[in-house]
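Look for subunit A in each of the two complexes below; its partner is subunit B in the first and subunit C in the second.
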Partner chain A sequence: MIGGICTKFGDGVNTDVIMPGRYLVSIDPVELAEHVFEPLGPEVQARVRNSPVIVAGFNFGCGSAREQAASGLVGAGVVAVVAKSFARTFFRNAINTGLLAITQADASDAAADGVEVFVDLVNAVVVVGDSTYPFPAYPESLIEIIRAGGLIPYVSQKLSDGGVA
Partner chain B sequence: MGSTFAEKLLARAAGEGVTQAGQIVDAYPNLIMSHAASWRCIRTLEKLGTDKLFDPDRIAMVMDHNSPAYSAKTAGDQKLCREFAASHGIKKFYDVDAGIAHVVLIEEGHVRPGMLLIGTDSHSTIYGALGVAGTGVGFSEVTATWVCGYLWMMVPESIKVVIEGPLSHGVYAKDVMLKLIGELTADGATYCSVEFHGSYVEGLSVSERMTLCNLAMEVGAKFAYVPPDEVTREYLERCGVARDAYEEIFPDSDARYVREVHIDGETLVPQVACPDTVDNVKSIEDVAGTPVNQVFIGSCTNAKYEDLVEAASILRGRHVAPGVRLIVTPASKQVLRRAIDSGVMSVLLDSGALVTNPGCGACAGDGGVMADGEVTLSTANRNFRGRMGSYDSEIYLASPVVAAATAVRGVIADPRDFIALPEGSIA
Partner chain C sequence: MNLVEKILAKASGRQKVEPGDIVVANVDCLLLHDLSGYITSRVFENEVHRPMKYPERVVIVFDHHFSPPTESQARVLEETRAFARRHGVHLFDCGSGNIHHAGLRNGFIRPGAVIVGSDSHTPVHGAVGAFAAGLGNNSHAGMVMPFGKAWFRVPETIRIELSGHHKPGVTPRDSALWLTAQIGEGGAVYKALHFGGKYIKELDMWDRWLFPLITVDVGAKCGFIEPDEKTVQFMSEFTSNPYDLLYSDSDSDFQATWSYDISDLEPQVAASPTLGNVGPISVFAGREVQWAELGGHGGGRIEDIRQAAEILRGRHIANGVKFNVVPSSRQVFQQACDEGLVVDMFQAGCTWFPPSTGSNQAINMGAMAETESMVSTHARNFPGRNGSPKAKMYLSSAYTVAASAVRGVLSDPREFLA
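Entry: the complex of A and B
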């Protein structure tokens, strides 16, 4: 299980708020982390830096296909986002950067700002306080990417094993 | 039961007989586009420890954002791309002079019906204008596909949008889409393929089809699609694509859709997306009179030649309001050249417009940014907070004619007021 204290957001958190376009000149997650949620101000930024989980409403990560929206969160120490729904570009970028993106509406409702939220990928449940919330298990191929730490380490491993197919 | 466009196309791209919504396949894109993100792909490739590409002819790179370079870092990134393309036999490389990737690749004849296309840009849904399945992905995914040739894809559910026309005067594809985005909301079509049908779409110009499909991303779509027809074929011929160089894909008449949406084009009025989300849509009369500091006519949504012609039809013989900045950024070099040759560019310049080099420009915050408290009305596709400068500025989105009318008045204005005025009069 991975997780910890969460920061809670509402619906429609977009990529330009997560990672403003002006910082896309970098692909270093640590550098990018400085600017995660910058449009929302230093207080929100400080909270996110101290919470390994983000909980949100509908359509988290809508907007741009910028991968840095996901990798910037990883750089800031976020390990999982639990939301009511995700924009598909963000969902793919999350998997590809080794960030868990879990769709679980009830867990999103149950989690208040600052409470502990954990994700158990093997048993496909989100744990909020004493309650567990099941979610449809990731397909095995996606679990492999997550386990490798993202798409590039995964492909790298495949290449050194002697084949990509 | 029949198949949707997406089910048929992904079956072809994955080499499977048939596919059904929900199935996960390994799909081989015919074209892999990367724009300003190309350098990120190249740096990521270095991490993979290989530079063996699956097929360099399937790779296209266009230097559209941050062009020309504004910093030594950006210049270095672009240099890396230039050198990589040359050393790796990537022939579809377009430098900082070309314009916005989506428009350039279509104009150059690289985009053909029946293709699967991935790009490092969410508005890659635009390719649906030519009956193509286009979708945005991150740079790691493009890098992996450069090497592997395929990526996993879930076959999406499909939504059928039926638009009946004709539209009334002063109303365009932009208004149709803003209306749809307002009704479906920003996640109304998440993971879905959006097919456009109906009398409005039949015979519609490719330029307006591009606007429809580009904005489908703003309801969360994975693909957008307009059925290819004679308009498509003639357009492609002008781009140098022979009729036997592609295979069109059409959905079956008994295909299954999760939702069907009808839009009555005739009753539609100009629409405006208000700050800070694209689905915060109002009719023009509800926002008319809102003061603006800047108007931007640009982006892959609405800076094609036809868009500039429409804007010029209002700006001809008129002048931008005092204190207002009108920035025009043609989508591509071809668009710029046509606008010069036809005299449209002179109309824009005479009206007081600042015309920039082709590319993404202010849409991505590259020049044309705003100070605290300022307001821009833009023809682009996103109005998220801080996208064009200060986090305390605001963006409204509308069609090129709304933009032109707004530039003249200095407040958000209804273009239909201008269309009724006699030619050459001063508003």
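Entry: the complex of A and C
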């Protein structure tokens, strides 16, 4: 299980808010992480930096397809996002950068800002306080990508194992 | 199978695919802009350590920077140029126009092809009957560059059936803005949208473009329009290379069909903070704007410039308004010169900018202070995208942009189009 304290957001959090466009040329995860949620101000940024889980409403990560939204969150120490739904580009980018993106509406409702939220990928449940919320298990291929730490380490691993990408 | 299913089946060497199948498809074109090209190049060279499989299929367009404002941005472009040279990929440098216009006009986009890119509006290329989707940098660096492939889940398809005729002063961009709100942001997550019906059939190609353009903003994976004689004629302007004209089977079924009639539409405005915040101009009329712009992924077409000139010819923009015109390609600027539109717009008080994607994300132009507002043909209006998160962005047709620039407040263009 991975997780910890969560920061809670509402619906339609877009990638311009998660990672403003002017920082997209940076490839330094530390620098990127400094700008995560910058448009929402330093107080929100400080909370996110101290919470490994983000909980959100519908359509998290909508808008621009920028992968830095996902990698910036990873850089800021976020390990999982639990939301009512995800924009497809964000979901794909999350998997490819090794960030867990879990769709679980009841867990999203149940988790208040600041409570502890854990994700158990093997048993496919989100744990909020004393309650557990099941979600449809990731296909094995996605679990392997997450375990490898993202798509590129996964492909490299496959190649060195003698597999064919 | 429908068109998207046929393209994905062919590109993955299968006889047949169904929604939900995961396929690994051959990619015909990878489109990157200056915001994504650099990071993708760094990841590819630093982490992947394999040769570029098909450099001739990779296209980088510098469209956000047309003249870098800082040394560090100049360095990013220089390093990206060196990357392009090292690997032999195509580069369209500053001043070449918007990424999607440059990609299409230079023959890289073709019907029946698989197009991927890190710009989220990449699905616009479904307008010519391609499968086109936005992916992140790791997908490009890890799969497309070294292997020429990308994985996709075959999407379910929703048919969007459009009918009706515009009232005077209402344009296809108004229909597209309105449709975004009807479907809703996140209203079609992961779907393919098949735009059809008499309305779409009757549109010219650059107006058809505006519909697949909105797919990402309703959450969809891609959007497409069946190719027809207009598509073939359109493509002949840009490429003599052969392509496969694929069509949906007449019995291909859709997960749903959503029908809309646009006949009663007024000019539309999408106001910050979101693209779904759309209403008729009457709701927003009277709000002050200091900036006006024709530009962006779907803006800066010759059609937009002609519409604005129709209103601006013989008039002048209001005191305090700055009106920036950004052609989407060099060809559009040439056309505007030939048609006398460059002088018309200049005399009305407008400023011409280089062919590019304009103030999208305010990389090279278009930042606003918190007290400022802009009306534009851009594709997004999220807070903070153009400077202060408190600045406002109103998206509308070129007619509405021009009418609002003349008055200094959001205005109904029909008052100028007697």
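To be clear about the criterion, the second predicted complex is superposed on the first by the 163 of 165 C-alpha atoms of A that agree within 3 Å, B and C clash if a C-alpha of one lies under 4 Å from a C-alpha of the other, contacts with A are read in each partner's own complex, and residues count from 1 in each chain.
One rule holds for everything that comes next: a residue touches a chain if its C-beta (ideal position, glycine included) is under 8 Å from a C-beta of that chain, and two chains touch if they have at least 3 such contacts.
Just so it is clear, the model here is predicted, and its values are computed rather than measured.
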Subunit A as common anchor, with subunit B and subunit C clashing or fitting: clash
First (subunit B), second (subunit C), both or neither touched by A:V122: neither
Contacts of A:A87 with subunit B and subunit C, given as first, second, both or neither: both
Subunit C-contacting residues of subunit A that also contact subunit B: 12, 14, 16-17, 20-22, 24-25, 27, 39, 58-59, 62-67, 70, 85-89, 92-93, 96-97, 141, 150-152, 155-156, 165
Touching residues on subunit B, where the partner in the complex is subunit A: 24, 36-37, 40, 43-44, 47-50, 71, 73-74, 77, 119-122, 124, 136-141, 143-144, 147-148, 152, 186-187, 190-191, 220, 222, 277, 364-365, 382, 384-387, 391
Touching residues on subunit A, where the partner in the complex is subunit B: 12, 14-17, 20-22, 24-25, 27, 38-39, 58-59, 62-67, 70, 85-89, 92-93, 96-97, 139, 141-142, 150-152, 155-156, 159-160, 164-165
Partner subunit C, residues of subunit A touching it in the complex: 12, 14, 16-17, 20-22, 24-27, 39, 58-59, 62-68, 70, 85-89, 92-93, 96-97, 141, 150-152, 155-156, 165
Parts of subunit C lying in touch with subunit A, wherever the complex brings them together: 22, 34-36, 38-39, 42-43, 47-48, 72-73, 76, 118-120, 122, 134-139, 141-143, 146-147, 149, 185-186, 189-190, 216-217, 219, 221, 274, 361-363, 380, 382-385, 389
